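To start, the structure under review is shown below, and the notes come after it.
Chain nomenclature is as follows: A, B, C and D, assigned in order of appearance, with residue numbering initiated at 1 for each chain independently.
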């Protein structure tokens, strides 16, 4: 072995369940989840990881696994790793932890992934009121490229990255999270005046012992009982990094994470072969198992030196990132725009979320004219290397968001043809994505275009 | 003259006021503003334009002009141009108008621009509750590069583009705009439960005869009186394109605009030497006078063929864009992240606007550690070629937005230094931006970091 | 005028001949050609220039002008400019002159250019033994794009640059040039054992009073007579920069030129709208008139500090270049390879010139299968943004050279189709380039492929 | 295993010698070397390979292994692979074989490589008359990055690629090779009038049974004896591809190889972690063991359809390449120029090899001013991602070649400083490359700069 061969600090056996791994996994953030290994600065180490569902979603011909998934069990993370400096002194609270992503990829023998949308009653996605059904597409990898039998005519190079990388929160930070998310859960609908239709989807995912996995802490012990009740879920990105889903965080990137507990307790998981900005379908990247080769540095006192809290406590900070120099290079982009007027025609005030939603809907409808189903494009825009931009955020009342799609990923020219109008329909791309019926209780209405179903209730549209 | 020398269809004399130009300008959208010239498909034509304020903001040593500006007069647009095909038949409602940007730049003899923030009581900007004062920085151009005496140590190549390009709305579309924006203006604060503090800033800018300029239609005529009362303001981007502020819309780009009236009636203005995604300071690009060389094509019936309405009428569509192949090329980026937790610590539900605000605040504070004032960075991030991304929009409750800044625009390495902590303060970048005092009535509070002033009232923070 | 508006130091009137310009041009390198203007460091100045032939080649439908051109008159340069520092002290011999290209482009009203090959008896080009005729294609510009009526189906953005930029040589350097080029002229054919066929083309272009233009020095004066006999021709690039033809020297580039005479005496000319690496057809870029906006800095003593002579005197140095950040961005390239085996099958020893010739011939033949004539492609590869690389220069006996062509410049997919073989012929691209018959005396033989004519005599092939 | 997991068709055991591998290697080109495996189109297969010397050069602290290496044994290739279509019908002579590089990298546990120059009497390199000694630098990989203890202060991402990929020649093609290279070997020095000094280095490497390895054909058999005498050496790239050393042939590239024998008999080897254009030091890339994941397609009749022979037979063709979309992205380059005047001051006629040599020498000397030794830079320019261009090949008598170096690979700013002249020497980069003394017989002379030793004899310089 070469002297610098990465040391494998967290191996994964894909034939075993997440809770059967030799080094146990965890799916919560908590300061008391014990490290599974020590890592030293300047040394490259290798971390393997299961896909975010721990193998629940399979390479098969049905979407039932997507429909019935229990989201209280995700995301399974590898680690935590305790980070030591050259003298063996751990990172300390107040330091910055610089983590370089030296290499990454799928696990050998497991070169596939999936993109999916959840059922509207089970989390849905960004466009769940238009696409309430659970759907799934399988992707196979040919080295840097991915293709899907369910989305024919598309192939693209992945910008592979970890969806989740973060340090353990301190108890103080954990309390802040739980408090603010509880407040949202309790008062959010009322205060935000969201339409009733959204009630089916939780506004926040609060701590729950259901599905909780805490690494070395054995289920059933008093310690487990205590931690399971207060440990934060992994769904949102937060001050510790976590599920930041930054699509450009590929090979050569460097992440500066605040350290809240001694040792930093770095965890990572949720590998994405590729993701579009926004990860719109929610289970939206090309989700896969994989490995990371990482190298750490400790910047002593770096939190104070580099991060200014943007909130009421010194813990209200965010990580900083440097993007790596190796990315797929696209030269031609088709760009869709959205403004903060929703599908009912209602005007919102500088709301980038509404604007981006409309940009994505515009793109889906446009591309469906080229023979794809809308479901194919929804999944595609969630996982291909498209860019979602906040183009204008000041020109009241319209935020302008844009979605830029690299033209080269299609096997046809998807630009408008100025010489002549194409005759519809184009070649229909078959087979389609794998689907499950939506059997929820909420009415589905149609918007003007006739093409897109909308669940936004009439009452809200009239407001 | 070469046979393809662009024909100048809208000349500007910079020594004259907007209303004194030979071909008159307009600052409203209305179907009845008459074209100033015809242009034919496949022929390159040249359009000159004043800066968006029509010369109100000057290359001087004070910010008083910014503070006292009357925003009812902006943006002064060149055009409208009636677009004809090879046989002289005009573009018709329902067509798509493809406009290629062949070339663009500043006007000879006027190679400078400005970036500014408005006073909080006069429109403010994205961070007006942190930066309530009117400020200004002057930029000088050296070919592709811009530098500012008020922001020393920074120089960057511009990705020059028109902030505004659009077609005239039909009366039906105009009514939709006025109705929905009036609704927001009247009910927005209540329904959105926005904090009172925002009352100083209009939620929408409704039609007003004040400051209204309508091209060939003479002020004082009955026609003028009628149109001035119903013509839409130019501030927001809308279905017709308009103020879309897409920073990558440079040389070689192509814009597919819906046509709502016969002839299309294309107008353009608000040239930006450079802009960052979001244009956060509002007067936020490097604003300048300039010229465009354009070439049009008509895609007959293209609206139906390519655009699906995302709203209650067939007019609820948005333009599509192709980005040009010539852009400044940056390889190294430092990326700041924000989540949808505001500065008071309050949790918002997947709100990309809040997340982006926090990303921008994080970046400002970080960069201020390198010797710049916060005001310098606020203006800089508004106009330099930084990218604002919606990274994650599904991981409830946190939207994750990122702001990526090209490292090469600084004359120092602005990355965190992992080997040692720099000793603060660094070289202070003097002189600073030009400022005016804020003399509004609203209290200013401090956030934890002590560095940033916040105007968000306590009552709202506690919610 | 803005305070930084570039000062026009060398205006051109396109209605006048090169020798009639208000500030006279020159077409030779000599220390005693007097400066036409002073320029100061840090100040942007504007230089206008005629095309390299001074208007001899016209935008018309024939190639006679190309066939009969007198090459003793080219290239017409603007300048020289004497460069002073802030205190007015001139650049001195031994300094480095850093010249930044702030901006450049065609002259207004003259937005066209041409690419041509000369007749084999009048200089020819890189492939003159295959293409002995004079040919011409006219290019029209649409902003950043160029297209040619003679090469239909191709359009590309230019990477505009000056073909020539250099400082005046000292008398000592001039003597070195004249001596070594005279030696080559006299002994070259013999010592290099070149085939007789090349005798028609001069190995070097030695000083000649024919066609000589010396700026402010009036023809007929004794001074003129003396200088005309010793002034170096401008064809080759040399130690002073000169005709370096570096295609990437566009906006934002910086050139570090050695200073050999007091004041530096900077000259420039030969604007190229676009050029391919190698400029293979000789009159091979898209040649045009144009302007440069430049800014100078003086690095005192910089020659000694930064340049080490690679030859018998301290003057045997070469300039250094920094490439600008704004270039057309291509993502997909088709690459042709050549090895140092010539068309007769003869093996050469690590000869990159032979290898590159074969790569270019391979590319021409390949692309001619897509409906273009070989002459169209020869001109195209000379002026489009293709990259010519020395890929391997050590694997005896074969040098490997490659020619990479951006796929996006064609309106068809020019990659080999793996699914099926296209049926030839494809659409023939008409009209063709403008041509003149070759009426020289040398025999033309055919190579195996039957498609390419070769002038290499049999005797040489057998060696 | 996922259904598309690449099938390993040629495994390597790094603990064994090249001739001990389970599937035997070969180091010659010959139609009768039997395939080791069949591969089918559309299926991804994995090929492992030793480094080009088969483990002779080691990760140690000395350069003796480089000095004493027996070059008759290189390069050890994996394969040949017989390529079949979906129906099992082999590729046939006259087809094109499209080979896609899906993935590649170092072998796990062997993450290191080396760059070296050979002793002048044993092959030397491009600059052997300046650098006659054997030298070596070891590189360690950290994922995409490489760094060398012998070249401190430099780190860069690799653009990893196979140096050799090719199909087997037919007997007819093999005869052409042997004949033309024999002619060069016998008559080259005389006809080219090369200086005597080059006699030490073979002009070509003719077939020799010494060190010959022929895959499944056992040494000592009559078959072996016959083939060993006629099989072509692997050093040069030729019509079959082979050692083309194209640095951009990384992930996602596609190579169109002519097929000369049934089954195509594809072989590959000589993995490079990174290489500069030209691979100037000869053992010049970062040489390593590694793996490729490949996918083939057969274009029936593709040779005739796409390749035109450039020589006396239909076999005189060259492969075509498509470059992949994933490369390290550099924005800032420093460019060195060379013209075809050699170090003795002698003028050559449009000789790109001489021009490139001078460009490389210029770059070495320049960078040595920043504290590096010349030997460090020589090795660095051989293996870092620098670009070698033929900029001008028509401006008689000077070819202009350029060498562009990405600035970001250095930990200091290597641009000329215009504000002030740096004080030499800078920080000396220690330790230096590993060296062996040169003990050949030829005199070493000094050129003017005093810094560079030259072996070009005076007699030749005077010519």
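As a convention for this text, contacts are C-beta pairs under 8 Å (C-beta built on N, C-alpha and C of every residue); 3 or more make two chains touch, one makes a residue touch a chain.
The model shown is predicted, which means the values in this text are computed figures rather than measured ones.
Common neighbours of subunit B and subunit C, by the contact definition above: A, D.
For the pairs A-D and A-C, the count of C-beta pairs in contact is higher at A-D. The centroid of the Cα atoms in subunit A and the matching centroid in subunit B are 30 Å apart. Distance between chain centres (mean CA atoms), subunit A to subunit C: 52 Å. Computed centre separation for the pair subunit A/subunit D is 42 angstrom, with centres defined by C-alpha atoms.
Along subunit B, residues 325, 329-332, 408 each make contact with two or more other chains.
Taken pairwise by the contact criterion, the protein chains are fully connected, each one touching every other. Contact residues of subunit B toward subunit A in the complex are 96, 98, 125-126, 176, 180-181, 183-184, 187-188, 191-194, 201-205, 235-239, 243-248, 256, 277-282, 284, 297-302, 305-314, 316-323, 325, 331-339, 341-353, 356, 358-359, 361-362, 365-366, 369, 387-402, 404, 415-418, 421-422, 424, 447-449, 451-452, 461, 463. Listed in rising order, the residues of subunit D touching subunit B in the complex are 329-332, 408.
Taken together, the subunit C residues at the contact with subunit B in this complex read 1-6, 44, 59, 100-104, 108-112, 140-145, 157, 251-252, 293, 295, 324-330, 408.
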